[in-house]
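Presented below are the structures under discussion, each in the form of structure tokens.
The following pair of complexes shares a single chain, chain A, combined with chain B in the former and chain C in the latter.
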Partner chain A sequence: MSQAESADIVVVGTGVVGCLIAEQLLDAGHSVLMLEAGPRVERWQIVEKYRNLAPITTTNLDAAYPPTRWAPFLDSTSPLTAVDYLQLEGPNARAYRQDYVRYAGGSTWHWAGICWRLTPEDMRLKSLYGVGRDWAFDYATLEPYYTRVEQALGVCGPSDPELQWPPIRSKPYPMGRLPFGPGEQKFTDAAARLGLKNLPAAQARNSGVAYDGRPPCCGNNSCIPVCPIGAKYDAASSLPRIEAKGGKILVNAVVYRVEAGAANQVQAVHYFDPDKQSHRVTGKLFVIACNGIETPKLLLMSADTRNPRGVANSSDQVGRNMMDQPKLVAELTLAEPAWTGVGPVQGSSIMQTSQGDFRREHAGALFRFNNMARSRLGAIQALNKGLVGKALDAEIRRLSACTAELTIEHELLPDPNNRLTLSDKKDALGIPKPNIYYDVGAYVRKSAESYSTPLVKQLAREMGATDVKVTTEFTNSDHIMGGMIMGANPADSVVDVDCRAHDHPNLFLPGGGAMTTAGCGNSTLTMAALALKAADAMVAQLTHA
Partner chain B sequence: MLLSAFWSFGLKDCDSSADIGAARFSIRFTRRLVLAAAVGLVAAQPRLVRSAVAPDDRFMDDRFMALSRLLIPHNLDAEIGRRIAAELKTDRAPFRDHIDALLKLAHDRRAAVVEDFFPFASDQSKAAALRIISAWYLGVVDDAPDAKIVAYELALMFKPTSDVMTIPTYSISRPNGWGATSPPLSSMPTF
Partner chain C sequence: MMARLIRLIGAVFVAWLAVAAPQAMAAIDPLVAEGAYLAKAGDCTACHTAPGGKAFAGGLAIASPVGTIYSSNITPSKTAGIGLYTRDQFAAALRQGVRRDGANLYPAMPYTAYAMFSDHDIDALYAYFLNGVPPVDAAPPPTRLPFPMNIRLSMTAWNLIFFRHRSFQADPAKSAAWNRGRYLVEGATHCSTCHTPRGFLMEERPGLAFAGGQVGAWYAPNITSDKTRGIGSWSKPVLIGYLQGGVAPDARAAGTMGEAVEHSFQYLTPADLDAIATYIETVPAAGKAEASDRFSQGQPGSKLALIRGLSPAETDDATRGAVLFQGNCGACHAPLGQGGRDGYFPALFHNSTTGATNSNLVATILYGVNRTAAKGQAFMPGFGGSPRDSSQLSNHDIALIATYVRTQYGAGGPTVTEKDVATVRQGGPSSPLVLIARIALCLGAVAAALLIFLLLRRVRRANDRHPSAGSRSEPAL
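After this line comes the complex of A and B, so read on.
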């Protein structure tokens, strides 16, 4: 073992949460060391990898990010590889095949860039509807942090309050909304005829102008798996700036233990390099921000005599309440073209369907038009028909234009039975793989049966669909939440209102894992807002120290 | 060959080296190729590399291109044709036989376009013809996870919708320059 490094703040993870915190602490004059389990690559390498993928693999959105031996994650290359890392069980095991990337920059490399806020009601499920939990603070407390994140990431959105979600804002978006392509417009028009409003999404994508040194979006339509020009925020674009400010980033450093010492202060983290040589890193404050699966896994692995159930786990809530937005998909065949692939891969959603008194009985849901270009899918299907010549071209065009996909994402309640534990199976470094039990529960199932599926069929018909097939098996939305749940009571939660571990005064666990409820929208903006709130607390803590 | 060499630069191939590529990368790639790749041109510039071709191979390549032009009524890139032919040649005798049979059929029926002779081909020849057509459209001879890509930007699958749909990672618009205009299906692009 070697004494490798030390810094005021040690940040494990280089995704959006880790990068926002690192930068704020550097700006406040503190030294920062970031540890990343995976490698660091350049944008062009990912773009090149993606362009050299066989068309059949393009539905595997992680294919451009092959896992390293030492930092594995779910690999969807084949049915066999897909079950190798995450050990999933329970009625909806398939729905927790979360795609994330253990690379420098984290999963922001291949996020869609969507930045929905929670609503005030999303944060008060227990008191308003008698389900789930209430957050330990209200929307008004979170709102300034939402605003700061929107400025930090460069979030575009509509200036018209009628099109904002929710229209409770202290500042305008730093950029105006992005335009719709024909498909999203057709979906918007269909929704309007049903009395529903399809809103332009708030997106961390530069709209019409350069922002923060990144160029404006040019509609390259590959936000997932990578923005080739860096118009979408990804944490990778933050890394050089962090280094320029004096931050140090160690890659291929797989943290496997959080070491607690006197008074249960965390005093070090230990990491393996790819050759399994162990290194110890000390600091004053520690941030574990390596996503909602890897963070609880690390905490559980770090059990010691003082913390027999794992670090930060006196409540036994670490790894429980695992959440996502269980997804169903409607495949449409249309008489008239909808056209996908114009603009970003996602750009709007119907959000009002996530709210209502019905939440006493069943989950709300959002509905969106999937705007990924369908040209490859159309070509594969047309070729499979054995067509040639003009008939082949015409069928490719028809199948590409006249098929579409609508996505439903449901709100899942925090349930302690949805639980991450350590598997007996080990990865290449001998680190336990995550085992997750997952059941979307009656709350979501009832929504799918009586609410969301009937409504998506209505939307499809209104778009002119001649055929609609709605999946019945829930799948993952990749919004990993809940495993280090926030609350005021240390007996039933892991972190306090600043994402500080109840058990360890100098350990912070910000991100999706800290979210008390999930809502229906993409979780990144809330994760990032919690990161800035935690960063404020860290600066204050160091100042007072 | 450039593409195969570049394809092999997969992160899965990395060993335990903590630095994932810089050293090996600099050894295996010339400055010119690195620069080309850096601007994303490897798949987009098929003429970047020409391999030495034996006379017999050149003869077969010419016949392959002649057949391809009969099977596909569009402009075809010769370098991509060479790449497809090279992949198909791994099963050499049947490949040559299929080309011969299809060219003879086209000649016998005085075919100008694929519709003139394809319906009259044997099942085996049809399968071979469809494999060739599929390779030109998909940019890969056998669409499998580990397949070697012979074309991306110039793969014909993107062409029938090129007036509307972006080739992912490329752009046909400008900042906020797109809109909701929905052209009719009948407006097939020329390619």
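After this line comes the complex of A and C, so read on.
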């Protein structure tokens, strides 16, 4: 075992959360070392990898990111590989097949860039509706951090408060909204006829102008799996800047143990290199920023005599309250072309349907038009029909233009029974794979039956659908939340209001796992806001030390 | 007559500036407004405003072949700027390159061109800089060039050899537009500062006016009226459009020219732009003969059939250039290099950047393009010229891309090497003067003085011969 490295702040994970924290600590004059389990690749390599895939595999949107032997993650390229890493059980095991990548830059490599905020109500479920939990602070506390993240990532959004969600903001978006593609406009018009407002999404995507050295979006429509030009924010784009500021980034360093010492201060983390040689890294403050699956896994693996249930786990809440937005999908056949695919893969949502007094009884939901171009799906379907020649061309065109997909994402409550534990199965380095029990619960099922599915059918009809098929099996939205839940009470939560572990004064666990409730919108902006709040606390802690 | 014309144009622009330049609104003095316009024409801000800094407060690091020169604060601050300058001291700085304390300016300040400014325009500029610009009391870092360039007195000798103080004399045989154009081109807009090649001692080489020169990482190409070497194939509206927006059908302004469009040319009146174009169209052909022009080279195409399906391990340097091109450039410039339909992403063939073998292609890949004019922003990210760029391509990979692009879409010519890229990355070729200076530092002051004396004599002799273009062999920079 060698004493390899040391820094003021050791950040495990190089995704959006780790990178925002690293940069802020570097700006405050502290030394930063980042550890990344996966490899580091250039954008062009992913772009070319994607373009070289066999056409049939391009529908697997993570196929351009093959997992390494030492840093595995869910690989959806085949039914066999899809069940290899994440060990899933429970009534809705299928709905927790979370896509994330263990690469330098993290999963923002292949996010859609959507930046919804939580609403004040989303943060007070218990006191307003008697369900879930209340956050330890209110929206007003979080708002300045939301604003800072929007500046840091470069978020575009509408300037008209009527179109903002929620319209409670201290500063305008740094860029104006992107226009709707024709399909999204059709959906917006249909929603309006039903008295619903389809809002332009706030998105970390440059609209019409360059931002932070990245070019404006030109509508490649491949945000997932990768923005080929970097117009969409991804954390990978900040890695050179972090290095230019003096930060050090170690890749292929798989952290497997958080070492707590006297007074339960964390004093080191240990990592394996790909050859399973172990290295120890010391520091003053430690940040585990591996999001809601890998972070709780690492904490549970780090159990010692002083922390028998795992590091940061005196509450027994580490790995519990696993959340996401359980998704249902409506496939539409239309008489007229919708022209899906003009602009980014997502650009809007109906958000008002996530709010209301009905939340006492069942979950709210957001509805959105999936703007991912349908040409490859159309081509696969047309080929499966056995068509050839002109008939094949015509059918590909019809299926690409005259079909559409609407997506429903439901709010899930934090439930301690939805729980990540360590599987008996091990990965190539001998590290336990994560095991997750998952049940979306009656709250979501009731919403799907009585609220969201009927409404999506109405929306489909209003769009002129001649045929609608709504899935009944929930699937994953890839918004991993809850595994190190935040709260004021150390007895029933893992981290405090600054994402600091209740049990360890120098250990920070920011990101989606710290979120107390999930809301219906994408989690990244809230994860990143919590990261900046944690970074402020770290700077203060180092200053007072 | 000329002076009246200038005053007339100035008066027209008082109204325009009231809208365009809020700081000029406080000053009702039309002379201040005229000066503001002339400061735009002179592009003073290009050097005297640092990125993100206060207007005219200086501090921009200008990488010259002999070392970094920091621009000065030209706000009316009495401590850090030019607040204590009298009108005549201000005139001496602009037209003779002499500071208030009597020290010489380096010719990074284009006083050899500004010498053309009329007395009236000096009055206007003085009025503007003293009364129309907010003072900033912060002093920029001092310029510290390597020995012997740090001895400003050496500039006296330089001026003696190279500086011909020329006040403007209208040519009655030419039109008013041509005369106005010459006044601007040779004076305020100081085009020759970049577009005329520099000699061994950084002087503009006689007989090669506007024949093209290296400006740090970028190359300011031949803009003489020659149809092959220069821009003689451009119509007047094309040239005016290029100056206004940085866009011609077969060329885009980037680097220092992009800045000139953004900070200066786009603000000039249609009459002045027309005058500039009128004069430029008559600049005599000069410079190295070229077999073909830089605007009509290349055609669409790709090597996709060769590279699709190859794993990275299967690529070699021959195919890797095409792979790197598709992965880094293809999403915007399109797989066949044809660009976008609206021209925001230019085609790479019939494009002066790929149609020439100067440093501009590599500089564009390294530093990108960022130019804002009336029609909005044109932006291309850099691919590693700044350590903050999100893509950090190696010199090797950039050389492969540049070679692929030039071969597939442009002038062809020699392979771009890693060393070529390294030169652009370090800010362009450095002058042998620096090497000589360093050797001199080792040899000691006596030897240095001797060396400089010998050098000066050599150049003076060369100058006395009044060589014509192309007839003289010079050490290549």
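Simple rule for what comes next: the second predicted complex is superposed on the first by the 543 of 545 C-alpha atoms of A that agree within 3 Å, B and C clash if a C-alpha of one lies under 4 Å from a C-alpha of the other, contacts with A are read in each partner's own complex, and residues count from 1 in each chain.
In the analysis below, a residue touches a chain if its C-beta (ideal position, glycine included) is under 8 Å from a C-beta of that chain, and two chains touch if they have at least 3 such contacts.
Bear in mind the structure is a predicted one, so any value in this text is a computation, not a measurement.
Of the two partners chain B and chain C, it is B that touches the larger number of chain A residues.
Once the two complexes are laid over each other on the shared chain, residue contacts for A:Trp44 go to chain B and to chain C alike.
Contacts of A:Lys433 after superposition on the shared chain: neither chain B nor chain C is touched. When the shared chain is aligned, chain C comes close enough to touch A:Ala236, but chain B does not. Of the two partner chains placed by the overlay, neither chain B nor chain C lies in contact with A:Arg461. Contacts of A:Gly208 after superposition on the shared chain: both chain B and chain C are touched. Applying the stated contact rule after C-alpha superposition, one finds that A:Ala244 touches chain C and leaves chain B untouched.
In the superposed pair of complexes, A:Asn52 makes contact with chain B and with chain C alike. Contacts of A:Asn252 after superposition on the shared chain: chain B is touched, whereas chain C is not. When the two structures are aligned on the shared chain, A:Cys218 is found in touch with chain B and with chain C.
The interface of chain A with chain B overlaps its interface with chain C at residues 44-45, 47-48, 51-52, 208-209, 215-216, 218, 220, 228. Partner chain C is touched in their complex by these residues of chain A: 42-45, 47-48, 51-52, 208-210, 213-216, 218, 220, 228-230, 236-241, 243-244.
Chain C makes touch with chain A in their complex at residues 308-312, 323-324, 326-328, 330-332, 340, 344-345, 370, 376-377, 379-382, 386-393. If you check the complex, the residues on chain A that touch chain B are 39-41, 44-45, 47-58, 60, 63, 65-70, 77-78, 178-182, 184-186, 206-209, 215-222, 226, 228, 251-252, 273-275, 337-343, 372-376, 378-380, 383, 386, 388-390, 392-394, 396-398, 400-402. Residues 3, 6-7, 10-12, 14, 16-21, 37-40, 42-44, 71-73, 113-115, 118, 126, 129-130, 133-134, 137-140, 143-147, 149, 152-153, 156-161, 164-185, 188 of chain B touch chain A in their complex.
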